[in-house]
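Here's the structure we're looking at; comments come further down.
Per-chain numbering from 1; labels A, B, C, D, E and F assigned in written order.
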Amino acid sequence: MNLTRFEKGLKKLSEVDGNAGENVIAALNDIAPDLGKYIVEFAFGDIYCRENLNLQEREMITLSSLMTLGGCETQLEVHINGALNVGITPKKIIEIFIQCIPYTGFPRVLNAVGVAKRVFQLRKAG
Amino acid sequence: MNLTRFEKGLKKLSEVDGNAGENVIAALNDIAPDLGKYIVEFAFGDIYCRENLNLQEREMITLSSLMTLGGCETQLEVHINGALNVGITPKKIIEIFIQCIPYTGFPRVLNAVGVAKRVFQLRKAG
Amino acid sequence: MNLTRFEKGLKKLSEVDGNAGENVIAALNDIAPDLGKYIVEFAFGDIYCRENLNLQEREMITLSSLMTLGGCETQLEVHINGALNVGITPKKIIEIFIQCIPYTGFPRVLNAVGVAKRVFQLRKAG
Amino acid sequence: MNLTRFEKGLKKLSEVDGNAGENVIAALNDIAPDLGKYIVEFAFGDIYCRENLNLQEREMITLSSLMTLGGCETQLEVHINGALNVGITPKKIIEIFIQCIPYTGFPRVLNAVGVAKRVFQLRKAG
Amino acid sequence: MNLTRFEKGLKKLSEVDGNAGENVIAALNDIAPDLGKYIVEFAFGDIYCRENLNLQEREMITLSSLMTLGGCETQLEVHINGALNVGITPKKIIEIFIQCIPYTGFPRVLNAVGVAKRVFQLRKAG
Amino acid sequence: MNLTRFEKGLKKLSEVDGNAGENVIAALNDIAPDLGKYIVEFAFGDIYCRENLNLQEREMITLSSLMTLGGCETQLEVHINGALNVGITPKKIIEIFIQCIPYTGFPRVLNAVGVAKRVFQLRKAG
């Protein structure tokens, strides 16, 4: 069966982000539906479905990039959940952020660890 | 035997970056020797020697962070070499940059791939 | 009649941002009045009053720049209102953000679209 | 006739960037061919072919975003040429950069104007 | 008496940031204790204890850097308090931000001045 | 005698940057003369002429901001010269960059120290 890029992307998005990812797309429906479509098709259908890196490696790279960018707390929250969903441990997530200190300095790392703390607590509570 | 942070860092730096890393430190000797010392002690002695991530994972994270920062072509060159030194394949290095497209856009990725192209050619030539 | 840079700027600021712009300046009065003065004189009196681009084009450029910078949600809110005030449609504002995806990646665009969604709702409600 | 995303993108890329764009893609062929494919398909086939903004407006937005990002001198060079190709005058290109001063400060604008100066001279010489 | 890097850093941290700094470290204890340790040892024990710049100059530099980075409102709050603690006047803190306008543009400065306003009010109220 | 903003700025620019500053302005004359005018009038006539910080403090802040921004090597070169011109020692310039490590990470600092090394050598040679 030949899946479209959108179908492939939606499947991958569910695999990585579960409901959180679908909520991001749904929240875009009335304001910028094409933005949601591109995230599904391009980010998840094209990029996340590629070979040469496994899903855990892709999430590690994504977390490093989002943390370094700064101002992406909402997206970090989604992808910290995604990292946990694909089997990266909380300890390893914190370690990813610590590895970035020499390249980004402490403030970006403090912000990312703050988001991680909230996510870990919510999942424990939930 | 108890290695100092500097000794531990120097050993790790050689393991990762070979001569290129030592050249960066040497070039700082007459202008900012303490900067070189901190890179060895803190970045390599403290951070790179930690557990929870292996050396290949640390280089993947470092490449993602440097590429996202932008304006770090010199440091990217050192760490693309470092990534190859610890056994990451050229194909996987390119894949790391491609995974970042949705978070950084194309220009940062084009710059990083340009540096990688130069590094790969130099190592083949050398 | 020869208007001062401040008078020219204040007039332009009202034309673009209406009350929102004046509120930004007023909020600075007790803490950093000169900052407000420079925004009026330089940003609006000097730059916004120049020729070669019309007001709609200037707001399009401003939105692109603010979105790309990141961490400027407050200023984006003011200038999304400004863009609407000078006649740019909501559909076109979203399109400006979408055009930036290849250069900034998705996270900055998601943040900007989130601000736009809030602004559009507030104006509909108001 | 139904063009593929790649065919649509290649046509648009030629329309905007002429040979310069094709050279960027060609230079990627031996190192990261998929990166070139995504630029053609996604940036040009999906985004640049959308409605709601004309080609001149899209180039204005692209120049604003690239200038604000910083460290994108190579991409600025391609898109300053692109802007000229779609009929934006040199005077208006400089004006776009000047409009960004209040949001990015002078250094980014100085760098962008430096690239523009080189591009304008090369085209006059050529 | 030979203080360890951690002891030296903790002393300097208290001198600069008072309770606020210790709260940042304490908040990291259950999630990323080593991150707190590195901030104390490296940022405060190594860097802040160096010669050639006095404490007021170090805080001026830190405020300039944090403001320019963007997205560091939490860290700005700690260091605006730190600047006041080491004797920099509120007027001079605002002036530091104003000096950065030509290099960062207005939005980053507006955000920093907004944080300063809140800090000054809290200390007056407290 | 009442100096215009431009005259005040030009005087201050010469005081800080000597010929290097005037060269930046001259290089803009044929491509973007107003950009040069704004740098003189606003950055130097308005901001650099303010009270509450002395010239050495203003250059310290400027160096911190330019280093943190990244991609501003040309402007760093001008202002490292400016810092030396107003009496900041080479040792103190390096110290300013080192103070920023915890906030920007090592790559930006390495780039800035590289520029400083070149400037110091050129002035010794000259």
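Quick note on the criterion: contacts are C-beta pairs under 8 Å (C-beta built on N, C-alpha and C of every residue); 3 or more make two chains touch, one makes a residue touch a chain.
Note that the structure is a prediction, hence the values are computed from the model and not measured.
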- Out of curiosity, which chains are bumping into both subunit D and subunit E? A, B, C, F
- Using each chain's Cα centroid, which is most distant from the centroid of subunit F? A
- Query: What is the chain whose Cα centre is as far as it gets from that of subunit E?
  - Reply: D
- Identify the chain pair with more contacting C-beta pairs: C-D or C-E. C-D
- Item | Pair from D-E, D-F or A-B with over half of its contact pairs in common with B-C | D-E
- Item | subunit B and subunit D, separation of their C-alpha mean positions in angstrom | 30
- Mean-CA-position distance for subunit F and subunit C (Å): 29
- Item | Numbers and ranges of subunit C residues touching at least 2 other chains | 34, 38-39, 42-43, 50, 66, 69-72, 75, 98, 100-107
- Note on the structure: Residue set of subunit C touching subunit F in the complex reads 34, 38, 42, 46, 50
- Query: Which residues of subunit E touch subunit C in the complex?
  - Reply: 70-71, 94, 97-98, 101, 105-111, 113-114, 116-117, 120
- For the subunit C and subunit D complex, residues of the former touching the latter: 39, 42-43, 47, 50, 52-53, 57-58, 60-62, 64-69, 72, 75, 91-92, 95-96, 98-104
- Task: In the complex, go through subunit E and note every residue touching subunit D.
- Result: 100-107
- Which bits of subunit D are touching subunit B when the two form their complex? 24, 28, 31-32, 34-35, 38-39, 43, 66, 69-72, 74-75
